[in-house]
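Structure below; questions to follow.
Going in written order, the chains are labelled A, B, C and D, and every chain counts its residues from 1.
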Amino acid sequence: MLKVGIVGGTGYTGVELLRILSQHPQVQITAITSRKEAGTPVAEMYPSLRRRVDLAFVTPDDAKLTQCDVVFFATPHGVAMSQARELVDAGVKIIDLAADFRLKDVAEFEQWYGMPHTCPDILGEAVYGLPELNREAIKRARVVGNPGCYPTTVQLGFAPLLKTRGLIEASQLIANCASGASGAGRKAEVHTLLAESSDNFKAYGVKGHRHGPEINQQLRMVAGVPAGSGEVNCLFVPHLLPTIRGIHSTLYARLTAAGRSVDLQQLFEDFYRDEPFIDVMPPGSAPETRSVRASNFVRIAVHRPQPDLAMVLVVEDNLTKGASGQAVQCMNLMCGLDETLGLMHVPVLP
Amino acid sequence: MLKVGIVGGTGYTGVELLRILSQHPQVQITAITSRKEAGTPVAEMYPSLRRRVDLAFVTPDDAKLTQCDVVFFATPHGVAMSQARELVDAGVKIIDLAADFRLKDVAEFEQWYGMPHTCPDILGEAVYGLPELNREAIKRARVVGNPGCYPTTVQLGFAPLLKTRGLIEASQLIANCASGASGAGRKAEVHTLLAESSDNFKAYGVKGHRHGPEINQQLRMVAGVPAGSGEVNCLFVPHLLPTIRGIHSTLYARLTAAGRSVDLQQLFEDFYRDEPFIDVMPPGSAPETRSVRASNFVRIAVHRPQPDLAMVLVVEDNLTKGASGQAVQCMNLMCGLDETLGLMHVPVLP
Amino acid sequence: MLKVGIVGGTGYTGVELLRILSQHPQVQITAITSRKEAGTPVAEMYPSLRRRVDLAFVTPDDAKLTQCDVVFFATPHGVAMSQARELVDAGVKIIDLAADFRLKDVAEFEQWYGMPHTCPDILGEAVYGLPELNREAIKRARVVGNPGCYPTTVQLGFAPLLKTRGLIEASQLIANCASGASGAGRKAEVHTLLAESSDNFKAYGVKGHRHGPEINQQLRMVAGVPAGSGEVNCLFVPHLLPTIRGIHSTLYARLTAAGRSVDLQQLFEDFYRDEPFIDVMPPGSAPETRSVRASNFVRIAVHRPQPDLAMVLVVEDNLTKGASGQAVQCMNLMCGLDETLGLMHVPVLP
Amino acid sequence: MLKVGIVGGTGYTGVELLRILSQHPQVQITAITSRKEAGTPVAEMYPSLRRRVDLAFVTPDDAKLTQCDVVFFATPHGVAMSQARELVDAGVKIIDLAADFRLKDVAEFEQWYGMPHTCPDILGEAVYGLPELNREAIKRARVVGNPGCYPTTVQLGFAPLLKTRGLIEASQLIANCASGASGAGRKAEVHTLLAESSDNFKAYGVKGHRHGPEINQQLRMVAGVPAGSGEVNCLFVPHLLPTIRGIHSTLYARLTAAGRSVDLQQLFEDFYRDEPFIDVMPPGSAPETRSVRASNFVRIAVHRPQPDLAMVLVVEDNLTKGASGQAVQCMNLMCGLDETLGLMHVPVLP
């Protein structure tokens, strides 16, 4: 049994980690921390956990995290980097669900997240935790930066088109994405009140969103072009859905002459043939967010609505494959377990 | 044209007042105040008002409210009572959408609202603003306490049964009610986030809710029993609906032998025959909240599912008839206008 | 491994059975039937099952149901009774999720379901499948009538109050209930369209609902009074929630003098102390439907808002504990398995 | 007063016409037809109209439509063309809310709508009813083909960029759109049930949607290129929102060198300066669907997220400006009334 700690479990990625880990056959959750809620049973905050999770929140000091095998950070940006050194030195594997270890360029991190990066050396060794594109590195990692929810879908959707050079006009990519309100977290804010965001739809982050640089960093890595290269460039436009969970990304790429001669369906099926969580749907499909609800699956459909245009539709559950499920997938890999262990829940539909 | 001021217009009852008053043929809105948002155009906060309302928020000092004919308080509890004296002395009519002038018993007010009542003399003359039960007094009032959203439905549903003594077991009334999330106001709170309250349903206020004493005060008045009398007693149980607007009340009253011999449908139709906003539906009906969306109408259906049990179903839009529409209805009465002026909007369905 | 067949799996109880049974460690689903969809992979109709369920629908003739250990009927009313005899004779255990084996009074069945009961002898031996109230009989049953979704909550909520005679005025019970739209099934109908039933709330079945007689039959059984006795009588009022899943029941019972002296919290905790799926919440609680989403748990809170009034709040997932989860719970009991096997999924929140 | 008839008023565009026209100061609704519902009061089907609309449905034979000044067809495709000749000959103005008079190319109509066009001569004279782009022709029209809901937003969003030649790569336009479920009409269908489409999001019509050819026909007209010219070409991708009303379109156009030197904000503000219903929002805005709910307004924001990319965000209420409101706007123009008469309702928010 792995001894697992969770730092900062009061938010949605925290409760989703608890849901998944409490049903994982090889995990023992030894501590979940919250300074503010120390002493409160987690099931008091999240009654869905009554009868299934008996833990109470503890202060970081009481958590004995250095005795864990793995520690997840389900915290705001900036927390993991402040505690990573001590844990790494103690031999604890770290998975950060925030952004501390995603952006490799410290200046870019500081620009988008508005804080200095206090831990650039660990950032240097940290591995970007998207197993489908980075599996071997994750297996060897001590520190994983778990991908953002939107970037997971955009990378998985564009990767097959980018991996082979020259199929698409890679400098003109568009990612038109939509997320449910849980993506904004469990924070008291007006704009995500039910009375504000239900029966409504809008774009947001139209002047730039933090997931934009993450998406471009990673797409360039997939394409094998240098960081910052304009050869690969994606416009990312998020929209707010009146749903609890779910991300839907509609991706557009202009095909080159070479790209127009490729069988896109075959390309995608081959690319993801052995992936346990990636479902390339039959030609003509339109995946629904509910088809992956509360599961670690991603469903992808590739279309060619015009001779020179590829359109890729991708759905995931933002809290599972977009956050906590993917983090557990990384844990499985880092700890030598079967990658799918504890993660094969059938999606909840309807 | 009436000169109308609105104090504290940044919440939902404020924007609903603006929606109604900006379309009212006899109203000129001369000022809308917000200390915090002074200088901000209201249409910047509420883009629905762009092209239709050109006002900006002003500080109370700049609002020249004493020059208004009518001032609405769309403020938290406690504000109206602090400003009422000056306005009344200046001859301005006041309509408070909060609770400052609803509960006649100062001790009860202080118990439920957790603040001293600083203006008991004006409370003494204030009129409870439910036109269907209190029309003549409203016409003569200088100060109106606009009813709570839930109490409006409960009073309108029970009134025909209570007005004639002896029809029901009046000490055992049950009001099982449900409200959309806008009833909680435009406050940043976790429990009314879309991700918390959408696809969900629960009771709340189970240890007691402020609208309970208001309901009982008024039902006793309708029944003609003394304040505080246990002869009339209603249990009020609110529930939180995953909708934006709408209140639905399911009311239960045991019939006495006398009550069992009454034609309830006829009783209700007679009681509300001349009411422009009260729609007694045909026998067997189940009114829907959407059937009154964004309108001042109330729809009522009365049933007798067991020989000795009356069940009354009532729907209203909590922001319109449950708040701002009713306030404008009171304004019309207080100012000698046609009661329905500016209030006959057709509900928005679907 | 149990060999399990599902008759008529295209509706919501069918897909929920598939979700649960495909994750059950002791079950092999051998056939799922649909005349209309024969040949179609179930995952084509329900993409949530892609990568997890490989079955295709077959005709009843091809299903070889007599070779199953257990057959579930997830069919419209009337189907199970037409096929039960052959299966029972072949030694197959039957669990009907429709109403064929719920109402013991054939005349009552025929009145409410508008069809003759063609199988009264099997009805005679059939067991009502609510394990918390009927466990031993279910263990021995060959045929189980799985309870209706609403009746499950109403029985579980009133049972502790009824089991001890004389605590409540049992002839004046009120069950004010609300269900998500999946309760209406996967049928093309106007009134459950999103554009009709979203952002809306209403009562329905106000002239009488099929679950009324089922509730009363069972409450009388719990109380130990004769079938049809007016000593126990419950008014059942359903409402339609704009949610996908979830039932919330608010139950009211007047307490007798004897009842007023009982510690209701203790009564409920004692009554359900050993029940794996029944969660009696702490005093003052208001259970939310989402706290049991996609799980077999029921959460109950008992209140005494007035000295002589008990109020019980009950939530369940109508498709799980209200239908398919309960059916699997019955299967576990009938087949000698651990009652909770395959059913301890943590609810999905948010 | 105009005498107005409505053919086929049982659907959502019908009830929205009734909502608008019953509040229009210069309209008398003389008849509303439905073969199936003849004799039924419209308020029985739509309780929102109780107390406001006293009409009952009549058969077409009883409707005396030839005595109307204007007749609206709120019918399925194919009905208006079968009745247009008789009405036109009687001097009645016609506005068809279906597609019979939208596509100028009969072959294209027949391909996409699967029926022969029986009335090509009237199609020849019919005017496309988008006032902002076609006002003078509408004023003179006898027959108006009211635009589709999606095409209205796409045309209004691209028009300023297309009207001046050479600003954008007009052959590579993308319209990524999303609509609420009322866009699918009031038809009993499984995929728009609340339990299917709530808490969900998906693309649809991915193999081609009827509004695609309409969009391209009109964008070519705006740009002044020949029908069918590949010089202007737009990919249209619709998505289904879990909302009742509202369309949101996110439009993408690559800018030419000439286009990159244009002030897009200024271009849009100038283009729509005198339009009563088109609101060009300030730079950096993200319009919300709720900001136009139940109103005839369209809000537009133009962005330049990359140096060579224009992004236009457009919102409308699909039932109002996307259907019935626009139809009444056309009626006003055709009949010499103020274009905004009866259409300046303030949007309903929240």
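We adopt the following convention: contacts are C-beta pairs under 8 Å (C-beta built on N, C-alpha and C of every residue); 3 or more make two chains touch, one makes a residue touch a chain.
Please read these numbers as outputs of a predicted model, since none were measured by experiment.
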{"item": "Distance-maximising chain from chain B - centres being C-alpha averages", "value": "A"}
{"item": "Centre-to-centre distance between chain C and chain B (centres being mean Cα positions), rounded to whole Å", "value": "39"}
{"item": "Computed distance of Cα centres, chain D from chain C, in Å", "value": "46"}
{"item": "Inter-centroid spacing, chain D versus chain B (mean Cα positions, whole Å)", "value": "37"}
{"item": "Per-residue overlap in chain A, given as positions that touch at least 2 other chains", "value": "12, 180, 182, 186, 195-196, 198-199, 242-245, 287-288, 290, 293, 350"}
{"item": "Graph class of chain-chain contacts, one of line, ring, star, complete, other", "value": "complete"}
{"item": "Of chain A, residues touching chain B in the complex", "value": "12, 180-182, 184, 186-190, 192-199, 242-244"}
{"item": "Chain C residues touching chain A - in the complex, by the definition given at the top", "value": "12, 15, 18-19, 22-23, 46-53, 182, 186, 198-199, 244-245, 276, 279, 281, 287-288, 290-295, 297, 299, 319, 344-350"}
{"item": "Touching residues (chain side chain C, partner chain B) in the complex", "value": "172, 174, 176, 178, 180, 195-196, 199-204, 206-208, 233, 235, 237, 239, 241-246, 248, 250, 252, 254, 284-290, 293, 301, 303, 305-306, 309, 311, 313, 315, 350"}
